[in-house]
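Each chain carries a letter (A, B, C, D and E) given by its place in the written order, and its residues are counted from 1.
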Amino acid sequence: MKIDYIFYLLIFPGLLFISILGLLIGWVDRKVSARFQFRVGPPLFQNFNDFFKLLGKETMLVKEGVITIFIIAPFIAFAMIVLVSSIIGTSLFYNNSFGGDLIVVMYLLMINSVMIILGGSSTGNVYSSLGAGREIKLLLADELAFILICLVPIIKSGFQLQLDGIVSSQLQNGSYIGSLSGFIAFVVGLLCIQAKMALPPFHIPEAETEIVEGPFMEYSGTLLAFWKLNGFMLYVTFPFLLILLFWGGFNPEGPGIIWFILKYLLIVLLIIVIKNTNPRIRIDTALNFFWKYASVIALLAVVLAVFGY
Amino acid sequence: MGWYNKRLSKSIWVFHVSASPCNNCDIEILDLLTPKYDVERFGIKLVGSVRHADVLLVSGVANNKVAPKVKYLYDQAPKPCFVVGVGTCPASGCCFKKSYNVPGKVEDTIPINLYIPGCPPKPEAMIEGVVKLVEVLNG
Amino acid sequence: MSKNIIPVGPFHPLLEEAEYFTLKVDGEKVTGIDLDIGWMHRGHEFISETKTFTQSIYLVERICGICSTSHPLACVHAIEDIDNIDIPLRARYIRTLIGELERIHSHLLWIGLAGHFIGYDTLWMWAWKYREPVLQMFEIISGNRNHYGMMRVGGVAKDVDPSSIPKLYNILDDIAVKMDMIANAANDDPVLRSRLVGVGVLSYEEAVRFCAVGPTSRASGITADVRKDDPGDAYDLVEFNTIVMKNGDVYDKLVVRVLETLESIKIVRQCLDKLKNINGPILNDVKEISPGEGIGRYEAPRGEVFHYIRSDGTNRPVRHKVRAPSYVNIPTFEASCIGIPIADALITLAAVDPCYCCTERSIKVVDSARQPTKIDLLKISREKTDYLRRQINGN
Amino acid sequence: MDNVENFVSLHNTKISKLIKKKKRFYFNVKNDDVIEIADYLFNKIGCRLSTATAQETYNGIEVLYHFSHDESGEYFCPRVIITDKKNPEMNSITPIVKGAEWIEREMYDLWGIKFIGHPRLELLLTKDNPAGINQPLRFRRES
Amino acid sequence: MEINFLVMLIIIPLVVSIINFILPRNLQKLFTLAGIGYSIYIVYILYTQKAESASFFGSIILSVDKLGLLTLSFIQLLSFIILIFSLKGLDKEIEREYFILYPLTVAFCNGVILSINSISFMIFWGLSGLTLYLLGLLGKTSDTPKTIKKTFILIGGSDAFLIMGFVLLAYLNPTINWSLNNSQLPLNSLSAYISFFFLLIAAFTKAGGFPFHTWVPDFSKDAPVESAAFLPASLDKFLGIFLLAKIVTGYFNIDFSINLIIISLGALTVITAVMMAMNQHNGKKLLGYHAVSQVGYMIMGVGSGNVLAFAGGLFHMINHTIYKSCLFLSFGSVEKKTGTSELDDLGGLGKKMPVTFTCSLIAAFSISGIPPFNGFFSKWMIYQGLFNQVKEISSLEKILLLICIILALFGSALTLASFMKFIHAVYLGKRISTFDKITEAPFNQLFSNSILAFLCISFGLLSLQIPLSIFIYPALTEMNLIIPDFIGLYNPTLILFLFGIAFIVGISFFLFSPKIRYDNVYLGGSLPEEKFRIAGTEFYNEIRNMKPLKSIYDWADKKYFDLYEVGTKGTFKLSDLFQKAHPGQLQLYLLYVVAGLLIFLLLI
């Protein structure tokens, strides 16, 4: 059994798969954004080049900072994303959960933000500290709505917490996105993952023109390479999670694989469209938006789900 | 090293150092990113933090006040880091070189690897300069 | 209470230039701002020792790359003001044409950068895409994208080629369509409005107190436009409106700039119409400047550019003072940035379209290279003698 | 033009050497009167302070203010001549016109003119300058 | 005579405390250590052999069941670890009193747990409140007397409720004769309800549950940090939750609607306390609010009526005492070194105190429920239990319970946020130059912190193997509660193992790129001056200033939600009224007399 898990973790759907897919999807993002802006955009392997170039660069450490945290933070976040992705991916592709259920996944997903905060603020840089503060506020903002939308599939599957249970329940009874509450939750979930990935309009923590990339300001070389990679890997993790929770998962029979790819690309495309048509909002606006609107709508979805709509 | 340089040549992240210029080179540098010239297709990206930079684009004459900061900035950049002087100012001092507030050549402050002359250089010239840098890196 | 201080600069990606603020913050709220400039100060005094009037026009062009026609224009106005030099009609139209094209390009540049500052890169790219044709027009007219070198005392250096006018018309029509689109977008876009309305308000009273100029003051309700108040060149011959808004927030500054761009397109079109018909000289050759003082001003994209030139009859100015619009607009940060979040404060900092190169120019063309007159020599020798005598006497 | 005549008639004891050019009025005032004149121009007529210029001549240091009356496009330019070149001092108008703060700081920086009553008289452009530039725009004489 | 170990558990600390009156300081420490060590040994013995109950005055007074044993063992363990921490570094002036009071407190707490008779329970309960008061008095801040008075009044009030509750219980159930054996009183009369709620109030006040929590943060702020770690963070939690567990399983037989009320109170505790904690500027007060907020999870678990959640609640009680003591103690080390507990003045100590920082970080991760630390496991068990519960109830109840679950889940995100601020303000960020010479804490403090941090990790990873199967499950089986075989899919060791593999793969990239350079902080070219720092305490100003929350926070700042403050204010208002009626004028008194006479006559 353990060998299987290591295969899941390292090859498919874990490390190798999501890092390569993530970098490629990152290219799709950059390319489509460029087309939005009447530009040509980068070549296909641009993100790979960026990554390997950063690996070869010098790593700068801050004398006064807490260096250990500074160094291990990106790798912990990296390992966490790989782990979560392989848990989600295994449930999707093999219909087999291991390691944890949805609550574990929800808590594990917070580690990325935690590591950004710890790594960023370990240097004592004021911008990083500001960015860390914004990151944690953003986490708070989207977490409430995210918890609420995660409850919808739990309720609809008869209080199943296992990911494979949610998938198989959908394979039997149809995707939750077809129901009213599922659809509402999916839309809110799309906004939540936008915020969780810190993409525009929620790129508040690393606002380049305000606080100079925020927590990533001091990072360079290999460590920065891994932060960038983490960011791209989230392009895989979160859409997969959304598909798993709301959109019927992955049906290995017949044209299921094509449907899956189309679903995935559609979600990525929606993310890119939202990304390119909005300015960065303020952190208090984000808090207001998520707490006063998105969460209320998500709560509505939860209530609807309880009553079976 | 060759393999690495090849990667570097395909992914140049530039940081813009404005060392008391007249703004024109700066605007033209930004112009490079915009739809008409779009240097992102060569993998060139403008970054906000010098820690991420591969190339510093220096414009201006580096007056007394800003010169030590430019030097400090260069020290803080992770190596290998190349410096490109954009415009006539870093190359010769343009019309400002006799001012009381201009300490001398920018070259005295930080080592400059490549000059792109012009007041301001056309974006095409800058792209050519970057291409030359890439050629140097590759071989 | 708030012990937290954030340095902004000298190399901050907010602005392309080196600048330095220290923001006092309480959490995300800005409670105090301190400005430190001088990073761009190039001090043209010693450079200019050998510059003649004509040369100094090219020198002031290098004050700032974005207002690279406003400074020369104000400079030649100042020189012309000394002797009341008349300029030919065609030259007046050409000057107005160049000036207004510059306004379009500068405002588009600001709109794009403002988009960049609020993290709206799509707006940035779109605005700059539509700015390219303006630069193309400059290239057709003057041969340069940025430093045009068009101004001369008594006229302009280069004529507009009549054969290129239809081409200019075409490009202008293009720009006009795109500008209409941007104007509509700025009016309707709920996202932009939600981000910019009510941000960084500069009230009318504060604007008066700080003597703000240009779009910064016009967004606060001050009706001041040099082009109307003191029309030089062809501004009294063309029709246009002064755009004034009331609220003084960043959104109003954006709207003022967008609408001004539309007005500029109107003016450019009128100039091109006239240039088709008017023929004549473009330069009234000025042989020498008599002693005296002159004030020249011009409404640059950012506000009033002010040049003061004093001549003593030689071919070099005795004193040449430049006051760029950003110089008076930048201190308004002290009024508009307090009490708002950092994210808003930084876009407010950018909203006056600050140009530090202009601010810190300090051009002073002192005549230390001029030949001292007989009286001066006498005076100096007397002072020297006095000095020596005191030395000898042992004081 | 009404403004000017009113102004001249009100302050005819305080101004001297009035030069009228087309829309530009240059006149000399004494150091003691500059605050009153500035107050009148800024608060009564509603002029905007464009800028101020200092200049060293052989007679002393001249400080020339430029007040712009935007409605008519007229310029009022009061000129103060400081004769003490070693230790130039004059009254500051910053308490009346906030916009003069930087202008006067710049003059303090580049010419060394001390503005009495300025709320924050610090170097403006060459502050923290490592080269130690000192009043660069003054005449430099060897002795 | 055969030694009764139960009596010994009370007698030995009591004797240690009495002898400590006369011993010199160093011997005092040794003696206390030996005493507590011996009580640990007794607890071990109690595990291995069946304990006999002790009888006095003809009735069984002391007895122990598995739940009590579980509580006892952790009381001894935590007391021992905190004692090691206090050996060195305590303020010299209070050392003497501290080492007298310390074993006394342990004795009384043991007494509460061991009592099977309600009278002895009440006596020990009251005495433990008294030692809490005395230990709090050792604090040195200017607010100490006020705070301690408040604590004493609240705790004393809760004692009164406890007595009334027990008296009512005995009145309703006369057969048991003041004994606390499982009476399983059904809630069918008003007096039963009153008795139940009186006991609930006592448990809530002791544990620090909403709305009787207000003494905990103030006490944590003003008392010495050892006392704060010892009492509100550890022992009082044991006592309060022990009583709550007894109430809901032993004394009363309750139905689900009561459970729902308790769960809602728990969720309210979680969310209100953590919202208050987020905006604190004093480190100890922040920790105090978290001590309250975590009680909410225990209340939710223990009061839910679901076996799994009950086990989770008990487990969370153990976990909470471990990580909260660790947080208090490590912050105590910082406070002793720097001399301040204001978060605004601290910062950047992670480099100077690496071990303390690591322990603190692990405890912070535990409290915010980051897998695979222990806090997560117990929270996860509670969620599992609640999700099992939610299947079987009506829709409206479902929605209410789901909202409670949402609040609890979101509460741990808020906890995380609050601790990110705490960690940032104390250990990360920029250090001010006065702290440049600070060194690591003394060995005994490091030792106890490390033990606690180690417990956090091991209880998280081996939760099924060690704490659950050794301590908690036996207690549950004794109560005839059946643990389901499958409690949910979460395998901490597997997760850590796989995480470790991915982490090693990642970090090997770094190890193979040896080009490393040390440099100053990059601040856009400006030099890293000392004034350029973010304290981190203002992180949540946006939340503080949000529209509806702002007014709530303002009210909270004015102490409108503090029952004690409202009560005192009300009392003073009332007495003011009476005072005004007595101005000392003879005529007025005469008028009163006449008026009273008139009323009297009219009434007759």
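Criterion: a residue touches a chain if its C-beta (ideal position, glycine included) is under 8 Å from a C-beta of that chain, and two chains touch if they have at least 3 such contacts.
Fair warning: this is a prediction, and the values are worked out from it, not measured in the lab.
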Enumerate, in label order, the chains that touch chain A and chain E alike.
B, C
Could you run down the chains that neighbour chain A and chain C together?
B, E
Remotest chain, chain B as reference, centres from CA atoms
E
Of all the chains, which has the CA centre nearest the overall CA centre?
A
Most heavily contacting chain pair (counted by C-beta pairs in contact)
A-E
Quick one: which chain's Cα centre is the longest way from chain A's?
D
Determine the centre-to-centre distance between chain A and chain B, using the mean Cα coordinates as centres, and give it in whole Å.
35
Measuring from the mean C-alpha position of chain B to the mean C-alpha position of chain E, what distance in angstrom results?
59
Taking the mean of the C-alpha atoms as each chain's centre, how many Å separate chain B from chain D?
41
Roughly how far is chain C from chain E, centre to centre by C-alpha average, rounded to an integer in Å?
65
Which positions in chain A touch two or more other chains at once?
37-39, 56-60, 126-127, 130, 133, 208-209, 212, 217-218, 221, 283-284
Among the residues of chain D, which ones contact at least 2 other chains?
126, 128-129, 136
Spell out, as numbers or ranges, the residues of chain B touching 2 or more other chains.
34-35, 48-51, 65, 69, 73, 76, 78-79, 100-101
Each pair of chains that touch: what are they?
A-B, A-C, A-E, B-C, B-D, B-E, C-D, C-E
Across the complex, what residues on chain E touch chain C?
344, 523-526, 529, 531-535, 538-542
In the complex, the residues of chain C that touch chain E are 2-12, 18, 20, 25-29, 341
Under the definition above, what is the set of chain A residues touching chain B in their complex?
30, 34, 37-43, 46, 49-50, 52-53, 56-60, 208-209, 212-213, 216-221, 224
Please output the residues of chain D touching chain C within their complex, sorted ascending.
21-24, 26, 48-51, 53, 55, 58, 64, 66, 68, 70-73, 75, 77, 97-103, 106, 110, 124-129, 136-137, 139, 143
In their complex, what parts of chain A are in touch with chain C?
33, 36-39, 126-127, 130, 133-134, 200-201, 203-204, 207-212, 276-285
